[in-house]
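Pasting the structures here.
Note that subunit A is present in both complexes that follow, paired respectively with subunit B and with subunit C.
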Partner chain A sequence: MKAIRQLIRNPFTRGAFFSLCVIAFVGIFSPLLTPYSPTDAKPEDRLLPPGHLHYFGTDELGRDIFSRIIAGTRVSVGIALFAILLSALVGTFIGSFSGFIGRWIDQVIMRSTDVLLAFPTLVLALALSAALGPSIVNAALAIAIVKLPIYTRLARTQALSVSHTLFVKAAKTFGVSSPWIVRRHIVPNLLTPIIVQTSLDIGDAILLIATLGFLGLGAQPPTPEWGAMISTGWNYLLDQWWYPTFTGAAIFIAVIVFNIIGDGIRDLLDPKAGE
Partner chain B sequence: MTENILQVSHLNKTFHFKTKNVKHANHAVSDVSFEIKQGEVFGLVGESGSGKSTIANLLMNLESVDSGQIIFNGEIIAGTDSKNTFPYGDIQIVFQDPRSSLDPRMSIRQIIEEPLKFLSQEKRSTLGSSENILKLIRAVGLREEHLDRKPHQFSGGQRQRVAIARALVTQPKLVVLDEPTSALDISVQAQVINLLKSLQKEFGLTYLFISHNMGVVKYLCDRIGVLNLGKLVEVATNEEIFNRPTHEYTKKLLSSVPTMFQEG
Partner chain C sequence: MTQRLRARFSAVSVFAVVGALALGMIASGPANAAISKTTLVVGMSADLDYLDPAATMDNAQWKITYPCYQRLVEYNGASTDVVPGLASAWRISRDHLTYTFTIKSGQKFSDGTAVTAKAVQYTFERLLKVAKGPADNFTAIASVRANGLKTVVFVLNQVSPQFLYTLAGNYGGIVNPATASKAVNGDSGQAYLADHTAGSGAYVLTEWKKGQYLKLEQNKFYGGKKPVLETVLFKIVGDASSQRLQLGKGEIDIAEGITSDQYAAVAKEDGNTVINKPSLTVDIMYINSGKGNAALKNTLVRQAISYALDYQGIMAATQAGNATQMNGPIPDGMWGQDPKGFQYTTNVTKAKALLAQAGVTNLSLDLLYSARKSWWASEAQLIQDNLAKAGITVNLKLTEYATARKMIDAGTFDLCLGTWSPDYADPSMFMNFWFDSGNFGLAGNRSFYSNPAVDKLIRSAASITDQKKRTALYIQAQKIVVEEAAYGYLYQMNYRLALRTDVKGFVYNPMIEQIYNLETMYKA
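Let's turn to the complex of A and B:
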C-alpha cells in the first residue's frame, strides 16, 4: 500500500512501524510465545533476577515476568484499541447526526460533550470505572466514554461542512433518508481526521488503561496487565529492580510507538504537509 | 395545445436573518407565476441575487414556500395548506458546480444509481438495469469503463456529464438545470450545451434552464422568463425577448450582453 510505503520512507516512522508490527505479532500470538505460564505461581522461583532461564526475572509469586509482559501485550494494547475504536465509531455517528440534523438535537449533544470535556480525562475515567465496578471491560468502557466527546466534536465540525456541499443537497432531491445521507455521504467524507485522531489516541489509551490498572480499577489479579503489574512491582523497586522496570519499559515503548505512528499518519494525511 | 407540465402560481419566499440584532427580510421570490409546457425549454434569466436559484430550490422541495403553489403534472407538490408528497424522481436537478455536486468517495456507477435507491422496487429494477445505465453513460458521451472511476479522475466537463446522467437516470418529466455551465471553461460550456440540446431532442425532455448567460439562453430556450429582484418582469418567447423586449429591465439585460451575441 502507498500509505505504508510513505510511512517507511521516514527512518523515525519506519522504526515505529516495524515496532508496531512486532507489538501486533506479540499481541496476536502471545499464548504461543510465552516460555512459562503467565498466571501459575511457582513459589520456589520467587523474585529471581534476570538470567538465561527468566530473561526479565520473576515476580513475588515466581511467575516469569517476560511471559507476563508478553501476555499483557494482548490485554493492555487490545483493550486500549477496543476502547478507542468503540469511542471513534460511536462518536463519529453521533457527531455526524448532530452536525447534519442541527436544531435542538445538535444543542443537546454539544452541551453534553461540553459537560464531559469539563472534567480532566483521568479523573473522569477514574470516577466512571469506580462507579461501573473494577474490571477490565468497565475500564475500557470508561475510556471509551471519556474519549467520546473528542470524536463527537471532530465529526460534527466536519459533518457541518459536508452537509452544505452540493452532493448532499442533490441527495435530498432524490428523497433519500437522513440515515442514508449520514452513512453514505457524510461519514465517508469525514473519516480522514477521525483516523488521525484515533491513531494519536491509542497511545494515550494504553497509558490510561495502565493507570486504571495501577490504581486497582482495571484488570484484576492474576490477569497479566501492565498497570496492575507495576502496581505490585513498585514495592520491590529498591531490592528487585527488574520487576517494575521491564514492565514500565513495555508501557513506555508501546505508547511511544503508537504516538510516532499517529504523528506519521497525521503528516501523511495532511494535505498542507505536501511531499 | 400542449399540456402544462409545471404551473407555478403566485410564489413567495422571504428569508429572515439578523445582523447585529437588526432584523432584515429578503424577498427572494415575490409573486412569481409561470408555466412550463411538456417538451419545451423554459429559460429563467436574471442577474445574481434575482431569486433564480431560490425558485430552483422551491421546485426541488429544498425550501418551503411562504405562499402560492406549485402544480406539477396536475398535482400540487408545494403549497401552504397541507403536507404535499413530492414526486421524487420525476423532477431532477443538475447543479452549477460539478466539483461539489458529486460525492468524491463514490464511484460514478454509485453516483448515477443513487437517485433510484428510494424509488419503488419495480422502477428500480427497470431503470437501474445494467443496459439502461450503459445506454445512459453513452448518451452523455462517456464510456463504460468510466463507471468504476471516482469523480476526481474526471475533468469539470466530464463531471457535469455524470451529473446530467444522474439527473436522467430516473427518466424525469422535468429537468431543472441550475446554471449547469457557468462553472465550466468556455470551450467545455459549448459541448455541454450541445449535449443538453441533443438529449432534449432525443428523449423529448422538458427543461427549466436557469442562467445569467443570455447567449446560451437564446441558443437553447423556447420561452424565457426574466427575473429582477425576485419579480418575474417579463415572460415571452425567445424571438420576442431578443427582438422586441417590452420591459426596461430586459432591454438593460440585453444591452449588457457582449457584442458577439448581439451581432450573431
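Let's turn to the complex of A and C:
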C-alpha cells in the first residue's frame, strides 16, 4: 500500500498507474465490455470507418475493431504477464541453486545462459516458436525461454553474495538442508531485484508477443491478438487508416504504461537509484 | 536500461511506420512520368522460379515466357479461337488423328537461326521426355515428325478435340534446338532454360536480378512486326501499399499486386485506370473426400458444408463483390456450362440437419491455404466462421506455398483453397481435370473425388469431337458432381488490373490470364 502511495506521488507514474488499472480492468472484464462479438464475421459491415456504431471502425471481415482490441488486451497483456512470470519463477530457482551450490552445476548452468544470451532476443524467440509450432501458448513459452537467462544470472549473482553472509553460514553449520536454505534465506533476499526486472520486462514481452503475432507465429485466427491484427491491418493503411492505427495505438499505450510503471518500481525499490 | 530503451523505441517505431506511410501517400502528389515511352515497367508481388516452357505450369512465369516464344497457333486477340502463328496453315485428317502444319518462312530464334520443322519436333519430343505438368496436355501425341524444313506431322493415338488449342498454350512455345547443347546430366537443358529464354518471340530475357527484376529486350531477329516497347522491366515490389504508391508516382506502369479493396481507390486517382473484366478463373474449395477426414466421404457432410458457406459474404469480403457465384464446376462464358445447374445457397439450418442426418458430431477439419493469393486469409477466416455456425470446427493451416502444393499433391488436408483458370477453351479443362479419378493431386483432382459413373461420362466426352454430344455428357456429369458436392463451388472472379492511363493496347484474353501482349502494347 505504501509502495502504491509512493508510486502515485509522481504525476508521471500516477498517470501510468491509473492507466494500468484501466488496462487490468479491461483485461479482466473484457467479455463484458465488448459491444460486439470479437470473432463473429459480418461481411456486409466490412471496413466501416469509425462512427457511433463502431468506435474504431470494422475490419476486412466486418468485425468491430474496438471489440477486438478490448478482447485482445486479455490475450496480449495476459500472455506477456504469464510469460514473464513463468520466466522469473523458473529463472529465480535455477539461478539461486546455481549460485548457492556452485561447483560444476554452476558452470553448466552459467555456460548455458551464455549460449542463450548470445542469440538476439527476437531471433531466438522466432526460432523457438517456429520450432514449437505457431500457437499463442508456444509463443509464450518461447518468450519465457528467451527471458530465462536474465533472471537466472540476476538470481545467481544475488545468491552468491547472500550465501557468504553470516546467517547462511550459520544455517549450514547447523546442518540445515540446501533446499530449505534456498527457500528461506536466499529467495527472499533476491525478490527485490527480480520484481524490478519483471516490471521492466513486461513491456518488452508485450512487444515480442505482438511481433510474433505479426509474423504469424503467435495467436492463430480468429483470436484477436494485437500483433496479428496489425499484420493484416497494415495492408489497409492507405484507404482504411483506422484498422492498423487504433491497434498500433493500443500496443503503444500498453508498452509505455508498463515501462513507466517499471521505471517507477525500480526507483522505489532500488536503493542505488533513489535520490 | 538499453533493453528498456529498445522496447520503447520499437513501440515508437510502430507509430513511425504508420505515420511515414501515411505521409508518403500525401506526398506522392501529382504523377511525374519518370519512365521513357519505350520502356514498360510492371510491378509484381513476388519473384519467379523456373521459366522452362516444358516444365512451368504457372501463369505468373508465363508472362515472361509467352512473349519470348512463338507457338504454331496463337490466340486471336481477346477471343478463345486460334489463328496461324508459326504455322501458316494446317490440315486435319478426317479421322482427327493426323495434324499437318506448314511452318511460316522468315521466322528466326533469338540467336539468328531459322525456325524449322525440326525445331517443332525437338520441342515436343523434349516436352514429352521432360514429362512435367505440360506433358499432361499432350498425352494424345503418338509421334511428331518433321517432314523436310517446312512441314511437321503430329500423329495422335486418340481423338483429342482440344489438341489445337493446347498448342496455343505457353507449353506450345517452340524452343531453339541449339539449347540441346546446354543439357547437363541429361536434363534436356532444363537448368539452362529455367533462367534463360530461347525462342523466336518478339522478346528475349536479357537480365534477371533475383529478388529485384527481370528485364526483357527485343529479339533482334524477330520475324514479325517490330514492337514499340524496347524494354520491359518486371520489377519485384513485394508490398501492396508500395506498389500503389509507385503506380501513383508513375514509377511503375502496371501494378499487379493491388489488393481487392484498393482497386476502387486506385481507379479514382489521377493517371490510373483499372481494367475489370469477367474472367474464367474460379476460386474453389477442395473437399478431400478421398484422403481427408473420414466424415468427408459422406455426401451429406459435403452437402452440409456447401450449405453452410456464406457465398455472398465471401465474394464481398474477398473480391469486393467483383465475382459471380458458381453453379457447378464450369464457369459462365465457357461452353458446356449447365445454365440451369443447381446453386447452393446459404442455409445453416439445412446444413445442421444434414450433419445430424449423417450422424456426424464434433467434426473438426483442417483448412489448408497459402499466402499465394492475397484474399485467401480473409476467405479462410470467413469459412471458419461460416462452418462454426453449422457446428463444424475449422483449424486454419496457413502453409508456405511450396509445402502447401506438396500437401495438395499428397492429399494430406481436409479442406483447401484453390483457384483454377483454363488454358484453352474446352470444358475438359474443368471436368476432366477435376473429377477424373486418374488425376488425383496436383494434376487436377484435388478433392480426391472418385465416382466411376462420372469417370465414364467425362472420359467419353473427351474422346469425341461433336460439341453437342459432348455438352450433353458434361451436363450429365455436372449434375452428379454438384449434387455430391465434390468441391466447394465458390465463385468466378473478375480479372482486375491497375495500370497507368498512358499504357495502351493491352488486350485481356481469359485463356492466357496474367500475360501481356507486349508485341502490340505501347505508351501514349
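Keep in mind that, in the parts below, the second predicted complex is superposed on the first by the 272 of 275 C-alpha atoms of A that agree within 3 Å, B and C clash if a C-alpha of one lies under 4 Å from a C-alpha of the other, contacts with A are read in each partner's own complex, and residues count from 1 in each chain.
As a convention for this text, a contact is a pair of C-beta atoms (placed from the backbone, for glycine too) under 8 Å apart; a residue touches a chain by one contact, two chains touch by 3 or more.
Fair warning: this is a prediction, and the values are worked out from it, not measured in the lab.
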Combined model on subunit A where subunit B meets subunit C, clash or fit: fit
Contacts of A:13 with subunit B and subunit C, given as first, second, both or neither: neither
Partner chain(s) touched by A:174 [first = subunit B, second = subunit C, both, neither]: first
Residues of subunit A touched, compared between subunit B and subunit C (which is higher): C
Contacts of A:166 with subunit B and subunit C, given as first, second, both or neither: first
Following superposition on chain A: angle at subunit A, subunit B versus subunit C, Cα, nearest 10°: 150
Partner chain in contact with A:158 - subunit B first, subunit C second, else both or neither: neither
Touching partner for A:216 - first (subunit B), second (subunit C), both, neither: second
First (subunit B), second (subunit C), both or neither touched by A:67: neither
Three-chain overlay, closest Cα atoms of subunit B and subunit C, distance in Å: 28
Set of subunit A residues, in rising order, touched by both subunit B and subunit C: none
Residue ranges of subunit A touching subunit B (in the complex, touch as defined): 165-167, 169-177, 180, 184-185, 188-189
Contact set on subunit C toward subunit A in their complex: 3-4, 6-8, 10-12, 14-15, 17-18, 21-22, 25, 240-241, 244-245, 259, 261-262, 265, 310, 312-314, 316-317, 374, 377-378, 380-382, 384-386, 396, 398
Touching residues (chain side subunit A, partner subunit C) in the complex: 39-44, 46-47, 60-62, 200-201, 203-204, 207, 211, 216, 220-222, 230, 232, 234-241, 244-245, 248-249, 251-252, 255-256, 259, 262-263
Touching residues on subunit B, where the partner in the complex is subunit A: 60-62, 86, 88-89, 91-93, 95-97, 100-106, 114-115, 117-118, 163, 166
